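Alright, structures below, take your time with them.
In the two assemblies presented below, chain A is common to both, partnered first by chain B and then by chain C.
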Partner chain A sequence: MTTTSDKSRLIDDMKMQSGQDPAECYQCAKCSAACPVTAAMDLLPHQVIRYLQMGLEEDLLKSKTPWICASCFTCAARCPRDLDLARIMEGIRLSLLRRREGNKFGPADLTPEQLEKLPQQALVSGFRKYNK
Partner chain B sequence: MSRTGVFICHCGTNIAGTVDIDKTIEASRGFPGVVHADEYRYLCSETGQDIIKQAIEEHDLDRVVVGTCSPRMHEATFRKAVAEAGLNPYLLEVANIREHCSWVHKNIEEATPKAIALLRAAAAKAALNEALEAPKLEVEKRALIIGGGIAGIQAALDIAEAGFEVDIVEREPSIGGRMAQLEKTFPTLDCSACILTPKMVEVAQHPNVHLLTYSEVEEVKGFVGQFDVKIKQKARYVDAVKCTGCGICWEKCPSKTPSEFEMGLTKRKSIYVPFPQAVPMVPVIDRNACLYFRKGRCQICAEECPPGAIDFEQQDEIIERRYGAIIVATGFDQMDPSIYGEYGYGQHPDILTGLEFERLFNASGPTGGKVVRLSDGKPPKKVVFIQCIGSRDKARGMNYCSKICCMYTAKQAILLKEKVPDAKSYVFYIDVRTAGKGYEEFQRRAAEEYDVAYLRGQVGKIFPEDDHLVVHGVDSLSGKIIDIKADMVVLAAASIARADAPEVGRLVGINSDSYHFFNEAHPKLKPVETHTAGIFIAGACQAPKDIPDTVAQAGSAAVKVVGLLSKDMLQGEACTAEVNQAECSGCLYCEAVCPYSAINPVEIEERYHDGVLKRTVAEVNPALCQGCGSCAVVCRSGTINLKGFSNEQILAEVDAICLQR
Partner chain C sequence: MRYRYFPGCTLKGQAKSMEDTTMAAATALGIELVELDEWQCCGAVYPLYEDELISLLSPVRTLAAAEGEPLVSLCAACHHVLKRSQELMQRSEDARKKVTDFLEVDYSGEGRVLHFLEVLRDDLGFDKLAEMIKKPLEGRKIAAYYGCLLLRPSKVMQFDDPENPTIMEDLIKALGAEVVKSPYRTECCGAYLSVTEEGVARDTVARILDSARKSGAEAIITACPLCRYNLENCADEDGREPIKVYYFSELLAEAMGLQFKQLMSAALERRHSSYDDHKR
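For the complex of A and B:
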């Protein structure tokens, strides 16, 4: 059985990161209807917000959805509550990453060829995603 | 020196919770001119009023200050109480220590000194208060209703039945409004025309009702009891007396233009009545479409008209009339959903709004009552209804719920099943809201007996594929993404204020909310009154509303009007402007800004050395003045005073607040 929790560090972090408040969502699910990558998601976008509203932090930690999100912003463009779900997803990703221990890899792990060929933006984003 | 009594109300804990009453009383005793101070838990109660009355007698008070709620609330109550004790009611002064003090402060340390300051100011002003008399005003026993929809019709009938004359001004060629466009009405499914047309006929034939169709209000001047209104009756180019409504003119007319009544789904002639049950059954010529007016050729209607009623020379007419009261009942519009690109409205003939779909059921509608796709004329087998298009949408639409869509969607789904028995309906909804007598039962019937699939979720996009429309949405309850190959899509577009509502509001002098719906004077206790005396509102111009609510509100507004018109005299405004003509320079700026035409130039004679000097100065007509104070503000020589709010009194208040700091 799932119980809801009143306090959640993930949710507080996410609110701070994204500047969005999941309480504003009334669950019309238009985000899920608009999202082009729902086929690969285990939780639909509106369910992610519902989990945030209910404080289901542990379940969210296990979900693949925040990592599937392509940040196309269609959800944000369609949302009748003016919530930016793409920012929320990014907020969740950042909050999760900051809680992980240690770095997965650093610049020293990359070969000179890789460093030369990879675009800088991909490197920065890779470090952000996979490092503490 | 005046003998002022100060009375402080606890208002339960509303005031006493944040204001230290004892300290306030103590401080009040020290104000100049105050000879008595007292308190009571509820000063507005009869006991509370008696305390004031007794104190006036015992302490020989000649001024009264009450520290209570806003004067909007209870000034009248306390004025009456002091009048009963023999004081002129205008010698009372209200210090608003609730809305302006206890409600906006949290702690007693801040609120108490502020309450004392407000009371000190009120006592200083009260010392300068003078006894005033309110003039008596006559009431013109005739009402004006702007808008001839069901709200206007109902209000007109109720006022007329009470024995008063009433005029309906309707912009369109016929009365009937939005209700005339509907096929059936929820939750009983009675035919809209069958219940509306008898009322339209009744109102047209009632001896006390006068219809001014194809007319618009141009100007409203004056005030409660005496509104002077200019109405433009647009030229119909048809003599209403000669016309028999035979219909030969619009049969023969060769030019066509999109029909407003049919939401542009079909065309009408250039000479037309908007719908077959129109009242009056007198056509109008649309100047912008008529071949004669556009190109100077074709007078077929005039040639064919048996009684010779066509008159191309007719001119717009201005009617000037005086009314005692006005009801604004101008109705609503439907939002254009084409701003939502994902729904493709306007890009495909089978994507309709709720009101457009409604017309397909009507026997005189664009399809002659056959529910078919406008693209290929085939009956639709799968219809998707989408709720909350532009409603409950703070990003791109309106923040409010449009109230009627849940019910009319259930109605249309039921009607569809009856017309096309093998049709299947799907309704994408966020919440189903069916508060109302018989409403919930009706919506459940749609879901249970008419096989309407309710899907809790929204639609992300609609796109054409082969000969159908793919509706890509989600059912949030099952968490499933859903694609429906639909034949038709109906969008429940938001009900919004009329595009020209702000203009109408300015014209009659009433205010509106941020959505341009007209504001009632109090959301609970004055639902049909406005902040302008003598002007009332009814129907969907106030907020989205269904027919039962509209009719109830129209009846309510009518009662208020009847109550007003039943009086022979109204109490006018006592706090009117006053010109000190000796100081007046005669610039007459005041005359220009007065919204009530209450200021006129007069010539006075003054002794000047040995001779007599004639000069022009301003004079206020106290019967017309409403005490708005605009003249006092623009007066260059500062010589106009508003009685009860004189410059001296206001400055005394300011001094009383500042000097004690």
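For the complex of A and C:
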């Protein structure tokens, strides 16, 4: 459950821990043009920032988008305002993971074939990104 | 030229061939890579929230273990994590103090943190490398695939131009092969989404491979085990000739004329010495 105080903390936490202020964004959407995985997202990257600007945190916590973001940093490389959207996405993921509400993926979800073939790097990074 | 070497988990597992070929090539080039004792996994992803200090313990322990000597890794993810952890240690006195106090190590943020490709470019030099090539890869059409982690964020990684890098093309040239430039060479392969959202990785991989194929490449080189896995395992070839994916070091060893025997003896020697270390 997300309480009101948790919700209002999301933006404050994010400004402090990611050093990113969503108010800086002027919605040019270059991030969304650059992102290679928008097809699977329910909110486009620039819309995530817009939602933050409008305080729609509850919708963001339900969105699929932060879990599709692969932290490839292309959005940040192209942003004319020098915002690091990858850090913002991490903030949304962490705000769920740290409350242990949203573990998305763990060792039990892997098939024996995956365990045999996947590089160790894939397992470690997947567990780090989707689990606490 | 002497460097401390951090292998990382995958280089001892699925990406063993990247380590074996690099070691054989480095020996032949007079580059000494001394493996760190008792190293541990770097964590594979750099924590993007600055209070996630626990994820920095392992990379900072590694940085400190290099004792100020240049630290080299081969895996793009390891290099990314080590380089960004070093940058944070240099930038944030508070983070550095907390992490080094916890680890009980001295680390001031010093030392060069390098990917092996940077050693070839900046310390050895591609011109010198070209002179040492015994079996140039003449007529082979090779495309470089950089992916994300070596290039971005460019202010921290300082690896190459993030939008128009040349280091891998310069390597391909030095090996005597024909450089094929493909527009999607700096796009993300989908990373660990191949584990959780395979369909997404299939889309990203299809774009990268189609782009390389249209540009006329017969093979792709990469420095990232996860990129290689995705390019090989999330590809839908529809009966077409698959594009081969190599670690950059595999083509390097081939062009240097290193035979299977030399590769294996370099590998065995290292296994024996790490076994001896273990016994001590």
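We take it that the second predicted complex is superposed on the first by the 92 of 132 C-alpha atoms of A that agree within 3 Å, B and C clash if a C-alpha of one lies under 4 Å from a C-alpha of the other, contacts with A are read in each partner's own complex, and residues count from 1 in each chain.
As a convention for this text, a residue touches a chain if its C-beta (ideal position, glycine included) is under 8 Å from a C-beta of that chain, and two chains touch if they have at least 3 such contacts.
These numbers were taken from a predicted model, which means no experiment stands behind them.
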Touched partner set for A:A40, first chain B, second chain C, both or neither: second
Contacts of A:A86 with chain B and chain C, given as first, second, both or neither: second
Comparing the two partners chain B and chain C, which touches a greater set of residues in chain A: C
Partner chain(s) touched by A:L118 [first = chain B, second = chain C, both, neither]: second
Partner chain in contact with A:F105 - chain B first, chain C second, else both or neither: second
Contacts of A:G55 with chain B and chain C, given as first, second, both or neither: neither
Contacts on chain A seen with chain B and repeated with chain C across the two complexes: 39, 74
Residues of chain A defined as touching chain C within the complex: 17-19, 36-37, 39-40, 67-68, 70-74, 76-77, 84, 86-87, 90-91, 94, 104-105, 110, 114, 117-126, 128-130
Touch list for chain B against partner chain A, complex: 342, 388, 392-397, 430-431, 456-461, 472-476, 479, 481
Complex contacts: residues of chain A adjacent to chain B: 26-30, 32-35, 38-39, 44, 46-47, 74, 78-82
Touching residues (chain side chain C, partner chain A) in the complex: 8-10, 13-15, 41, 43-45, 47-52, 55, 75, 77, 147-148, 152-154, 162-163, 187-188, 190-197, 199-200, 203-204, 207, 224-226, 228-229, 233
